[in-house]
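Listed next: structures, encoded as structure tokens.
Paired with chain B in one complex and with chain C in the other, chain A is shared by the two complexes that follow.
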Partner chain A sequence: MNLSFFDQFSSPSLLGIPLILISLTFPALLLPSPGNRWITNRLSTLQLWLINLITKQLMTPLNKKGHKWALILTSLMIFLLLINLLGLLPYTFTPTTQLSMNLALAFPLWLATLLTGLRNQPSATLGHLLPEGTPTPLIPALIMIETTSLLIRPLALGVRLTANLTAGHLLIQLISTATMALSSTMPVVSILTFLVLFLLTILEVAVAMIQAYVFVLLLSLYLQENI
Partner chain B sequence: GPLSERPLMEVRLGELHTWISTCDFSPQGLLGAVQRAWSSYCAKYIHVKQGGPAGISMLLAGYCLLSYGWNYQHFKRHRWRKYH
Partner chain C sequence: MLSRLVLRAAPAALRALPPPVAVGVLHTTRPLHTTQQSLAPVPPLPEKGGEVRHGFIPEEFFQFLYPKTGVTGPYMLGTGLLLYLLSKEIYVVNHETAAAACILAVIVYGIKKFGPDVAAFADKLNEEKVSAAQAMKDETMRALQTAIEEEKKEQWRVEGRTYLFDAKRNNIAMLLETNYRERLMMVYNEVKKRLDYQVALQALKRQKEQDHMIQWVEKNVIQSITPQQQKESIAKCILDLKALSKSAHAAV
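== the complex of A and B ==
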């Protein structure tokens, strides 16, 4: 059987229960509800600070109608952030490496923004297909290009998240395999490879946070155009 | 106090099987036990005034162990695989 490096991305199951279910619900355990105390413990304070930061950052460019999306965008952001970061722990499974899950998150939300725009301000939404100041001969070509770019947005959102996380995990696995293989024969090269692995892990932590942020930011941008 | 009302940590080893026989193993009983365990864990390690990284780290370590156990059938053949 030619099992490859992509084995780490298959959803493992024990007794018929796939690990992805636990990986999806575990982040909820890490976020205790603040309760009704006035001064909460450190963890709840940190969590509240983070949620406030995210909500302010996402909702500042939106008008009042867009603030209805605050809950879903903030919770999506926290969800993706936690899932991506938890995937960097040893032996864990990252659900966002599955294209199916990312497309399932991106497609309905993008479609919701598009339908909101088409329903409430159809001419303005269609007007986005033609940037201002285009020379007249270019108009038909540009309309087609803009329509394609509009329709490809959910695919881009999903694939961007999948590809970034998958590539990162794959690189970590490759370089760590190389480090282990070299440690017996050439220890000095193994130490250099270990240094690369260390830097790569720091990069992966950054990528995990940035990709979650980019996903939600793009959705809020699509919302801004349409609401 | 009486055996059935003592929490698990205060039951002596010899009385363990008697204690288990007084447990409520219905779905509501098990759910209640899980909720009580979770809230006592939170109260002891997380909802403290000067909590540190210890509370969350134990949860994360438990998660790593759980994931390891879930994938054990895959890992045990790691050394003998030709392609990793």
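== the complex of A and C ==
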């Protein structure tokens, strides 16, 4: 297999059939369904504990109406976490490197928060466009700025996730290519580069988890403002 | 026809498999189940998963190869396979290999370092669940035991109830008796007071009469003493005194 640097980012297809939907279901294979037992095995116990932790963390700042979002936010979190972490394995395709997928996740959810806010408490939602205590001459400019910042949120969410993951993967590819290329000519430098690669991999694991968390956290923040 | 065969033979085949494999098959085919699971003889599910060697190769594989190739068989197979893939360039060494080595190192390091702690944590979560239920069960049993003992004590107390009632009855009888006697005494005293009053009244009357009579007699006697009689009686007294003094002198 002769891989170029772009092969890992191309959406996989077999005989013209796009496989991205199937690749999106792969992370679910790692999550066993709890079954009928009272005391489950370690994996199921830990999974349950993690889901409880995530849900509590996300739902504590929200009021009762926001708790309707618990299922989608928690499952989104687990989904992104697993996809990001599985993408670090070699020869895997990471769906969240596709901007189309991340915008498809971010845009409807952000829009839902915005419409919820505009429907239930329109004046409060519009009031968020003007921070308290601004001097009167600045008001028009500030409203324009805040509106822009509001409308750019879905784009920011999607691009943030895409850029972080794509950049990380690309860096891993480049540095490992450097390691392989140097191994025949300058082995010692190659070992140093391998060390850098090791540290980078650890960073990428952290970034994978943090980016998933940030995505869902920001969505819950937008929800908090609007519900 | 073949599906009927499969369906008929499935439970026996399932029971014939070793438990971990049976669990896997059961779990995978769960979406194909059309009826409720029959609760009657279900093969007991194992408590722990199957043994694995080096983290991902099941122990059964080594046992499977043991009769033919001994202990080193699977390792020879693995090494030979790896070298075959590498030398024939079926697996090409490229930049992904370096990345794969890195991520593998990170995963192995993570599992070796945090594995036991995470397992202990999961076991602790389960243990807490079990111990909470067990504590409730023990608490209930203890409460029931205490209730049984209390009941037994109450039953013993009931036996002693007759003595209690007798004592109370005696007590009351004594109180009644005392009360009666007191009232009797009171009546007696009252009557005696009345009678004493009457007696005192009579005595007083007689005393008064007597005093009055004595006074009248004295008054009359004193009135009847004439001066002649007075002189005579004084002279007689002086003579008597002289005689007495004489006899006194003589006595001294």
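Everything below uses one rule, namely that the second predicted complex is superposed on the first by the 218 of 227 C-alpha atoms of A that agree within 3 Å, B and C clash if a C-alpha of one lies under 4 Å from a C-alpha of the other, contacts with A are read in each partner's own complex, and residues count from 1 in each chain.
Everything that follows uses one rule, which is that a residue touches a chain if its C-beta (ideal position, glycine included) is under 8 Å from a C-beta of that chain, and two chains touch if they have at least 3 such contacts.
The structure presented is a predicted model; accordingly, all values stated were derived computationally and were not measured.
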Fit or clash - chain C, chain B, common chain A: clash
Partner chain in contact with A:205 - chain B first, chain C second, else both or neither: second
Chain B versus chain C as contact partner of A:46, first or second or both or neither: second
Which superposed partner A:90 touches (first chain B, second chain C, both, neither): both
First, second, both or neither for A:22, with chain B first and chain C second: first
Which of chain B and chain C A:197 touches, first, second, both or neither: second
Which superposed partner A:172 touches (first chain B, second chain C, both, neither): second
Partner chain in contact with A:30 - chain B first, chain C second, else both or neither: first
Selected from 25-33, 61-69, 79-87 or 205-213: the stretch of chain C that, after superposition, runs into chain B: 25-33
On chain A, positions contacted by chain B and by chain C: 2-3, 32, 35, 40-43, 89-91, 173, 177
Touch list for chain B against partner chain A, complex: 42, 46-52, 55-56, 59-60, 63-64, 66-71, 73-75, 81, 83-84
Of chain A, residues touching chain B in the complex: 2-5, 7, 12, 14, 19, 22-23, 26, 29-30, 32, 35, 40-44, 86, 89-93, 173, 177
Footprint of chain A on chain C - complex, ascending: 27, 45, 48-49, 92-103, 105-106, 118-119, 121-123, 125-126, 129-130
Interface residues, chain A side, partner chain C - complex: 1-3, 32, 35, 37-43, 45-46, 49, 88-91, 172-173, 176-177, 179-180, 194, 197-198, 200-202, 205
